[in-house]
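Each of the next two complexes has subunit A plus one more chain, namely subunit B in the first and subunit C in the second.
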Partner chain A sequence: MTEFLLAASVFILLMVAVGLLRVLRGPADIDRMMAAQLLGTGGIAALLLLGTATALPGAVDVALTLALLAAFAAVMFVHSGGSS
Partner chain B sequence: MLVGNIATVVLVSLGAVFFLAGTVGLLRFPDSMTRLHALTKADNLGLGLVVLGLLPQVDSVLAALKLVAVWVLTQLAGATVTQLVARAVWRGGGS
Partner chain C sequence: MSLALLADAALVLLVLGLAFWINAASRAFPAVVGYVAFGLLLALAWLRLSAGDVAMTEAAVGSGVTGAVLIAASVRLRSAETEAPPPALPLRLLALLLSGLVTAALAGLVLWTTGPAPSLADQAVQHLPGLGMGNAVTGVLIAYRALDTLLEKVVLLLALMGIWSLAKDRYWGGIPGPSRIQPTNGALILLARLLPPIGIVVAVYILWVGATDPGGAFQGGAILAAMWLLVMLAGLRDAPAISRPWVRLCVTVGPAAFIAVGLTGFALPNGFLSYPDSIAKPLIIAVESVLTLSIAVILGLLVAGPPERQP
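Up next is the complex of A and B:
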């Protein structure tokens, strides 16, 4: 079971890595921000999977913190007048 | 325990599929608004299914509650951020 969880977290991280291409190609700053948001959420999912697979309690707390920071990052971007 | 494992495998796979769909949507869609739509699907549904899939694997109720707390926080944050980003795109006349 843990192998499956680890494989799933690797898969999600690959998805996020592919999603980051939008940062390179994104015409507007807002698209780059979306890719960063996806990185945040993908990171949270991978952390949760790893935390459960390796029974490491700390990983879930790290995921909670990352969830908070990802939200703040996007809000700050929008608040600072993120024009395209 | 077998049922728990099967449920985990199915749900986490579905979550991963939603992440795949969200990422592909983020890359392929023509403009910012549609990309935002795809992104939030990956965020909420992908993570929600992964958390649901992980619940049977967790030993203590507290840890299960913590997983659900992460998902609820991401839901609230994601919903707020999506509205803000959409307004910024709309007002800024994004791509």
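Up next is the complex of A and C:
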């Protein structure tokens, strides 16, 4: 089971790396922002899988914090008129 | 364990690659978005190093609140940004070489030092039961190195004063932000109504769990601040005028309570900022709760900015 969880987290990390390309290349700022949001989701998933597989203390709490604040960057972006 | 090693290697490559790219980015906004993503990956890396407290602070403060502030700043500065010609290639290569050398030297120090690193971890853990604490990091922050933590909170207060001092004279004591935001964006309003109740519960939980597991006052305060800012950004509530007595009270009560508890240390046990053994845990929880409130209000007002309107 541990092996499976680890393999899944490696897979998700690789997918996160693919998503990272959009952050790097853009072209528009909104693309980068949305890619960063996707990366947040993938990162939290990888964190939870890694945390469960290797019994890291506090992994769930860190994931909870990240999930709560993930949307915050996008809110700030929309609010400061970055999408226009 | 080879799969775990593979995951770690992927993480390290991602962190290094992203760090390189952030420095190479030509404009501020892509670099800032890269930084937000970097914070998330870094939190993951800290967690893999069993530094849960650092991971959580990175998640709450580094990636969450700071990222939001930087995004707002870079969007605001976008029109003022000029396309400066990049420095010449030899200069860039030299900078790369020098920073690479610093990294290599640091890595060498960690990898090739002989013997175990000097550590006070054992002594720190030994006295934790007396404080009723299970989390060594919280114990160190609130008990052993309480003076540092106190000064940290005072620094936050100074930062807030620095931002307020940017206000024009006629707006002193006024309301932060350019104008009252009209609640128009439906999705944002929905988020600002749904998320804060959950966020407040999580923030209290993070504060409480800080006694035994990763968490604590700063992380809880950062989450509370984010929830407050969300309500302000959606236009559901306006930011408070900074001359309001409750604002001043909330901002100062944390450091004040910390100092008060510290001073009673003179009367009861044996010195400034020492806790009497019998009520150490309730005292620490009380100080942390009040600190959380102060940190939340200070961080929220830091992001809201200097007053720009009459109250």
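Simple rule for what comes next: the second predicted complex is superposed on the first by the 82 of 84 C-alpha atoms of A that agree within 3 Å, B and C clash if a C-alpha of one lies under 4 Å from a C-alpha of the other, contacts with A are read in each partner's own complex, and residues count from 1 in each chain.
As a working rule, contacts are C-beta pairs under 8 Å (C-beta built on N, C-alpha and C of every residue); 3 or more make two chains touch, one makes a residue touch a chain.
All values reported here derive from a predicted model rather than from experimental measurement.
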Name the contact category of A:30: first (subunit B only), second (subunit C only), both, or neither. first
A:80 in the overlay: touching subunit B, subunit C, both, or neither? Say first, second, both or neither. second
Looking at A:48 after the superposition, I want to know if it touches subunit B, subunit C, both of them or none. Which is it: first, second, both, neither? first
Which holds for A:57: it touches subunit B only (first), subunit C only (second), both, or neither? both
With both complexes overlaid on chain A, does A:16 touch subunit B (first), subunit C (second), both or neither? both
Give one of first, second, both or neither to describe whether A:3 is in contact with subunit B, with subunit C, with both, or with none. second
Can A:71 be said to touch subunit B (first), subunit C (second), both, or neither? both
Both subunit B and subunit C contact which residues of subunit A? 16, 33, 35, 44, 57, 61, 64, 68, 71, 75, 78-79, 82
In the complex, subunit C touches subunit A at residues 3-4, 6-7, 10-11, 14, 17-18, 21, 29-30, 33-34, 36-37, 40-41, 43-44, 47-48, 50, 52-53, 55-56, 59-60, 63-65, 67-69, 71-72, 75-76, 78, 181, 185, 188, 191, 195, 198-199, 202, 205-206, 209, 213-215, 219, 222-223, 226, 229-230, 233
Name, in rising order, each residue of subunit A that touches subunit B in their complex. 1, 4-5, 8, 11-12, 15-16, 18-19, 21-22, 25, 27-28, 30-31, 33-35, 37-38, 41-42, 44-45, 48-49, 52, 57, 60-61, 63-64, 67-68, 70-71, 74-75, 78-79, 82-84
Contacts from subunit B onto subunit A in the complex sit at residues 5, 8-9, 12-13, 15-16, 19-20, 22-23, 26-27, 32, 35-36, 39, 42-43, 46-47, 50-51, 54, 57-58, 63, 66-67, 69-70, 73-74, 77-78, 80-81, 84-85, 87-89, 92-95
The subunit A residues in contact with subunit C across the complex are 3, 6-7, 9-10, 13-14, 16-17, 20, 23-24, 26, 29, 32-33, 35-36, 39-40, 43-44, 46-47, 50-51, 53-54, 56-59, 61-62, 64-66, 68-69, 71-73, 75-82
